[in-house]
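Both of the next two complexes hold subunit A, though its partner changes from subunit B to subunit C.
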Partner chain A sequence: MAKMKIKAKAKGDIVNVKAMFTSLMADKEEAEKKKISVEYITYIVAKHNGNIVYEANTSGFMSENPLVKFDFKGGKEGDKIEFTTIDNNGKTETGSEKIK
Partner chain B sequence: MERRKFLGVGLAVFAAIVAPGTNLRAMDFRATMPKAWTAEKSVDAIKELYGSAELKKTDKIKFTAPKLAENGGSIPINIKSDLDLESVALFQDANPRSLTVVFTIPVGGIIDYDFRIKMRQTALVTVVAKGRDGTLYTTSKEIDVSIGGCGG
Partner chain C sequence: MFKLDRKSILIGASLFASSALLFTGCLPSSTSVNEKTNASASSKLGQYEIKSKTAIDGGVTYVRANGVETAYAYNQQNTKGVSFGRTATPNEIKAWDRDSLHDGTGLPEGEGSVELGEELYDAQCVSCHGDFGAGGRGYPQLSGGNQSKDENGVVITLKNQRVYGKTEAPKRTIGTYWPKATTLFTYIRDAMPYAHPKSLTNDETYAITAYLLAQNRIKIDGETMDDEYILDKEKLAKVVLPNNNGFYPDIDGPNGPENVRAFFANRAKNIGAGIRCMSDCKDPGGIDGKTETAVMTIEYEMSDVKPPYSTVRDLPPEQEDKTISKAEKMYNVSCKLCHATPQMGAPVIGDVDAWKSVIAKGFDKVLVNSIAGIGGMPPKGGNEDLTDTDMKLIVEFMIDSSKKK
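Right, the complex of A and B next:
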């Protein structure tokens, strides 16, 4: 099972978020060469209180086990941030973490 | 009869696996603009994604990347801007397909994105952003890659 690592820290009214997802991020050509299956995340979304704070459509040319960082306004300590990713096979992964 | 039943069950299961997950997205560029994801050259991919409107060169989008990347498998990129943008996309000419990532920016969102990309060889990397007023901005940088990532 793929795993997700999330870290979120509030600084004033801005929250710094770091997240790492487990995925080979191998597109067709790379998968053929390394003899692995084609697998890459196509969509990443992060929500805070039901509002989207981060949204990205990705391709297989992001690095393996993608690590992303971003900031957003309006979060505070104790709030929850939720991530959902979808890969090219349609598999969905979710993870959540409390803001520290 | 038996076999027919088995086939029917198989199909139903397949449909159940494929169906969910698609309605989660607010902006699904893959479904709405499939051609942008298969274009080989940045120029074509940009046209597919943003249309052929004029691109305005800007220094208000800060695009940070190493000049020389030792490991093409993991090149750290940062995109920062104070402009009111709707979406930001990154294109490169090093890989079989150009479009790497598209961010949809929520209203009032802070644009400060860090992520890593793969590049097969030295190439030009272009960032194109669309403002909420429809203006297209662009900025680009050449990144030298000494050891290619992406299985190269």
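Right, the complex of A and C next:
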């Protein structure tokens, strides 16, 4: 929970999920320009009860501290949704949140 | 002090010391009342400086009675007989005096949880300030931009930006820029939501404040703010924001102006600005202030361009083409249009066969025809400005060009 903020709300059997990740999202070109280290998330996956409900390959095209939103069916209040991100340096971050 | 002044202090702090005098300068200074009273006796209204004291940051100070100094001229007209209205009643003052100080004085009772704050935020704030306080187009970012280190390892704060002059300014979010958390409460209560301000109850305001602090990952008394965290008056007063000491000197209280003076007395240490240098300059540079680097100068002057930029404003002189004769030039202007291509029906220049019959008429006859016009050809080829001498030259040129070589 340290590096991401997750919000999941159930409406009937549809769950609205919003998540924000902390990352500079600076690709090589941008990092050179800003004189910072290259750091961007390359892979985002969200799981609900072990099933993948959201998956994305990302790169520097996303903004700093990127925000993703999606809906999925079949979630219940009280279930857990778990996010995992991997950045270009191989660093993995995980975070989970209960569906409200 | 009333709310207006408190809010002004936040703004004033960011505007630095010039406004520090403006907002707090009207408070009497307990330390040097006598000294200033003497100074005010000797100086006239609107006088630029108090001789015994330096004006703060080169600003203008005006002396009033009882050791008070202000940034504005003080009207000393006799006000006898002028009605200023009645004295405000205690209730009126109570309704007006809604501010809260950073130590918690003036905060109303109430409490709110982070969870409720999230609900309220999603309903009323998210349309402008974005999810998780990430900011929206044209509206302030409320969270994120936490203080980080730049490439030199210097933490990005206001103070370091001033002193080293090389780090970037922190993003102006609650977590990285605001010095006091109680301002958050007062501001939300009085000015938010933008469309219908003052519509939130105290409890709701506490809840939203709690949510925003949680989004900025603020810890209260070492305790992380999770969803169940309940914020109240006492806890809000305990909040220490990361940029708590980013604004200084301390402009609060009656000693504010003196603090500002002391602050600016040591410019090199507190601002990072030394003595202005006009020749053979060295930049103190570096984080430790020891490493010396040459000051950056203009790398390329205007005159370094090759060829240098011309400052002459005339048009360039026309180059005379000496490869062609005067007759050919006149031909190009007046005759070429028809005599260069067979489509126009005129004998084409250089076409020996076409010109054979023309030349057979004899030079004089051809010249007369060219001046008076013949067939489809207008007199002088349509250019009445040509003289007969010119025509003679042109006809000579055309016949010469069309003879067999």
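Methods note: the second predicted complex is superposed on the first by the 98 of 100 C-alpha atoms of A that agree within 3 Å, B and C clash if a C-alpha of one lies under 4 Å from a C-alpha of the other, contacts with A are read in each partner's own complex, and residues count from 1 in each chain.
Assume a contact is a pair of C-beta atoms (placed from the backbone, for glycine too) under 8 Å apart; a residue touches a chain by one contact, two chains touch by 3 or more.
Keep in mind the model is a prediction, meaning the values are calculated, not measured.
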{"item": "Side-by-side fit of subunit B and subunit C on subunit A, or clash", "value": "fit"}
{"item": "Which of subunit B and subunit C A:T42 touches, first, second, both or neither", "value": "first"}
{"item": "Once both complexes are placed on the shared chain, angle at subunit A toward subunit B and subunit C, C-alpha, multiple of 10 degrees", "value": "80"}
{"item": "Which of subunit B and subunit C A:K5 touches, first, second, both or neither", "value": "second"}
{"item": "Which superposed partner A:A56 touches (first subunit B, second subunit C, both, neither)", "value": "first"}
{"item": "Greater subunit A contact set [subunit C / subunit B]", "value": "B"}
{"item": "Touched partner set for A:S23, first subunit B, second subunit C, both or neither", "value": "neither"}
{"item": "Touching partner for A:L67 - first (subunit B), second (subunit C), both, neither", "value": "both"}
{"item": "Subunit B versus subunit C as contact partner of A:T85, first or second or both or neither", "value": "neither"}
{"item": "Lowest C-alpha to C-alpha distance for subunit C against subunit B (Å)", "value": "8"}
{"item": "Interface residues of subunit A shared between complexes with subunit B and subunit C", "value": "67, 69"}
{"item": "Complex contacts: residues of subunit B adjacent to subunit A", "value": "17-18, 20-22, 24-30, 37, 73-75, 92, 95-97, 99-106, 108-110, 112-119, 149-151"}
{"item": "Residues on subunit A engaged by subunit B in the complex (per definition of touch)", "value": "14, 25-30, 32-34, 42-43, 45, 51-59, 61-64, 66-73, 84, 86, 90-92"}
{"item": "Subunit C - residues contacting subunit A, complex", "value": "118, 130-132, 134, 144, 151, 215"}
{"item": "Residue numbers on subunit A that touch subunit C, as the complex places them", "value": "5, 7, 18, 20, 22, 35-36, 65, 67, 69"}
